[in-house]
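Shared chain: chain A. Partners: chain B in the first complex, chain C in the second.
Entry: the complex of A and B
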């Protein structure tokens, strides 16, 4: 036990002596939370658009007033020809143009219908769809105003409830993903690199001839990263509760227990990578390609899994972060108990045992 | 100039001798360019909807039919019980639960209106709002159908209608990868060129060979230039390779001038390699360089407008974004490749990135010490 403690102490000292790496370990979660919480959002505000009002009559002005009143748009009124609109799109100064035809109001009164044309710069398709959707809603709103005088029969009135995230903020979707990212990064990459480094520098030999059992060498390697990850977890949770106003709805104990499980999964994976690589560069590369990329892509927090081709959907099942992401969403955001996440927990445990068994089989206590 | 020539010769030899490096140079971009656009698809479709039908009337059946035939929704469950609907949302099986109340059509006729409860899983705010907008549109349309069908023919009650005709320029089919592929290529070039540049000097430091270079008569600016040029070539090779993948795999042909893209690539590489070199003058070990670059690369990528629009950011974040060269290149790629913007449209981008590059490289030269 004493031997183990002195090994753990050695590992701790090595980690703490490298302030630039520590900066990343603790800077990363803070930067990610701040960025995702405050800077990154898909919500569109103040998009620059142009209104081409060829009508200049009562109805067109009413609609333009409504558009100007909306928080989504910052409106400029000029008469542009289609080729001028094209130029403005190419310069990137506007995202959308709304064109009212001449005689808009007269047509509306006499013919009963008059179209509004919306031209969107669809080089960014989602923005284009959302912005033109907002215009459609505003126009429909105006249309409803027009008919207010006459009574509208047979109205279906939808009453919507946005569950878990009534303000439609971006943070609830991202925070669980950031947790998975950071825990995996710290554990997989740092563990594998630190073990391989001993191999590269030749100090592994010294550790192996010491009276400590080889298994204990590995355990001692893992403990500092386990503790650092728990500190990181605490930092992320504190930031998300106090800075992002994202309360933990479910049991804190369950959340920490599940996170510890993920950390152990990641540590086993890091160990596995360290047994099959021999240089720091290739350990980093393997962690990046084997862990970071799948976590970013296939865990569901950056990109919706249900939109992916079937092959990727199937592959996503072997990414540990995907299951952790589901667990955290259920416990932290929905406030559900263990009975809802036991399946995901069992899958994570299974993965951990699998990684550990392979890693321990591969672990060589003799030099080549 | 002769010392520079010798240094360049050495650098190129080192690059070509490292077979694994050359492999990574092509494998990583290929994997990313093929996987990322497939995965990074924000088009919202296949929204799982559960319908709790307390009514079982012809009207509720028709509405259900209309929702499912719209193409946006998939039926996750059809049930009589509210509790079952809730359960489906809790377990992520359903994104939206629509509750059709008992006596739906009778109330609609008798009272003139009827409410309908909709519950949306809003953890993903964008998906929730877009999904609800689709559903709302379908219900409104259905409402209109009912009115036309049930209204007294003598009193058509026709209201003036204003149809909105939308046209989507440059990308009428609204294909998402056309938007993503050019930007992913930028993040690739940044990653490969920036990381390699950062590792290069640090490796010499760690191995100790930097001492040998330090005692040669080479000038500081020649040293930095000699470290810079090989990676400019490498960046251009990766970029060309990526453009070929985009052409063959995604049929993306740049609408604008390809030489403009290469011109901007050069200016961009000047800036991003300067950044890599700057990091390498600060870091002592490869692990440090890796950690620092990882942190910065992540911030560059996240804030560059690759995944979320820059226009939606708060002012302070926009300001930071404008200090990073990556966001300019992504913007230029999208402008030139998709819209065919010309040099006049991107001249300010070129000027900014060149200035950033000048600052970073000067800083790197000043910070590089031949003596310790």
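Entry: the complex of A and C
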């Protein structure tokens, strides 16, 4: 125990004294969250939209008034043709268009249902989703008002179209992706580099000659990064909840537990990389190549996996971030419980055990 | 020096594929002895030492260190030895005290022992004022001396020094050897490899390795007499001239 404590203390001192490591640990997530967060929140007030009122009747006026009353929109009422709307989107002068068909109110009264078209510029998916969401809410609001005084239920059907990016690639909720990337990157790279550094500096020889067990070297190396990663996780969650107003819908405990699992997966992968590389550069390169690219490209965080060629879909299954991303989206955004994510959890656990077993087998007690 | 044998090898051999790095070496080292291992680069000194430390498994032969078998009981050996590698082996981003604390800690010293050792070592080296400075900022000679004292912080039976004075100026080397004599006086056996031939004169007994084999083993005086020359230098050149392996 005393051995372990001395070891952990030394690791902590080394981490805290290395500005590069600290920057990586804490700078990266903050920058990512703030950058993404800025893009997410900046445009939401007074977004330029157009309302094309082909109906010009009581109902459309009422809805337009409500829209104008909202702080999110700066509304321009015009009568544009479809191709003019199209051009406005291309030029980027508007974010969204609401189109009322002719006979809107008449249809609503006589048929009990009427459509309203909502077209959004989805090249910025976050904004598109939020704006069209607001419009839909306003329309639903009005529908409720209208139905209150009458026995006939009226239904206004907003037909939402996402221009340019119908799948909303990039997903509106980047926080799970950033979490996966930061935790993986930090843990994999930091562990592998810190072990390989001992090899490079020659201090590993001293450790191997000492009575310290290899398992203890590994545990001692992992503990500081585990703790720092949890601090990191807390920072990301605090930022996303308080700076980005993104609430954690599910259980916080489950979220932290699953994240700890990912951290352990990442630590074992880092360890594995450290056993097969012999210089800090190659360890860093392997971590980058082995972690950063697959995490960004194949986890579903930036590009939807369903749209990929089959080969890539199959490969994406071995990317730990994919499973973590699914878990976090389910827990954090959809508020689902463990019963919905147990399969992904088991897969992550399996990966962790696999990495650990190989790493421990490769971790040489003797130099050859 | 006593008659107690602390290292004993019998035809100890290490092969890497076809290459025989260490070829059937046999020798005994006694308690409290300063045992020098000389040889050109690539002669097999470091490999031989690594086998004795448990860093490398011998291909064949026998060896015991501090009474424990290198094949079967490497963990027991590790508790009884200290080791200082060719590369400087302290953590440069830790302070002098933190290094002592770390190595003391992993060798299982109590906090009280570590505290006593820290005071003792810094006083011995005259580093009281630098104790809290990072090791990085010390001159090489001081680092090497500190490295040695840290290697024996847990009072091992034997300490292995792999070219400990490489790159250190002659004055510092002399001081370094004073520390070695100190440790030997306390009963710690010193096993040291070097390619500074003048250092061979400081050893009680010297082994000269050529191409993985032990070509000579005696006290410095004994070697000079046997080869009929005035210095160990000349003994070494006589033997090394026959070497076939080129230095790496």
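Here, the second predicted complex is superposed on the first by the 235 of 368 C-alpha atoms of A that agree within 3 Å, B and C clash if a C-alpha of one lies under 4 Å from a C-alpha of the other, contacts with A are read in each partner's own complex, and residues count from 1 in each chain.
Here is the rule we use: a residue touches a chain if its C-beta (ideal position, glycine included) is under 8 Å from a C-beta of that chain, and two chains touch if they have at least 3 such contacts.
Just so we're clear, the structure is a prediction, and the values are computed from it rather than from any experiment.
When the shared chain is aligned, chain B comes close enough to touch A:35, but chain C does not.
In the superposition on chain A, contact is made by A:18 with both chain B and chain C. In the superposed model, A:157 makes contact with chain B only, not with chain C. By the document's definition of touching, of the two partners only chain B reaches A:309; chain C does not. In the superposition on chain A, contact is made by A:132 with chain B only, not with chain C. In the superposed model, A:143 lies in contact with chain B only, and not with chain C. After superposition on the shared chain, chain A has more residues touched by B, the comparison being chain B against chain C. Common to the chain B and chain C contact sets on chain A are residues 18.
Remark: chain B residues 20, 24, 28, 31-32, 35-36, 38-46, 48, 89-92, 108-109, 112-130, 132-133, 135-136, 139-140, 142-143, 146-147, 150-151, 157-172, 174-176, 178-179, 199, 283-288, 290-292, 294-295, 298-299, 302-303, 307-309, 311-314, 316-317, 331, 334-335, 338-342, 345 touch chain A in the complex. Within the complex, the chain A residues that touch chain B are 18, 20-21, 23-25, 27-28, 31-32, 35-36, 38-48, 86, 89-92, 95, 108-109, 112-130, 132-133, 135-137, 139-140, 142-143, 146-147, 150-170, 172-173, 193, 197, 280-282, 284-285, 289, 293, 297-298, 302-304, 306-309, 312, 326, 329-330, 333-334, 336, 340. Residues 50, 53-57, 74-75, 78-79, 81, 83-94, 98, 101-108, 110, 160 of chain C touch chain A in their complex.
Remark: chain A residues 2-3, 5-7, 9-10, 13-14, 17-18, 201-203, 205-212, 365-368 touch chain C in the complex.
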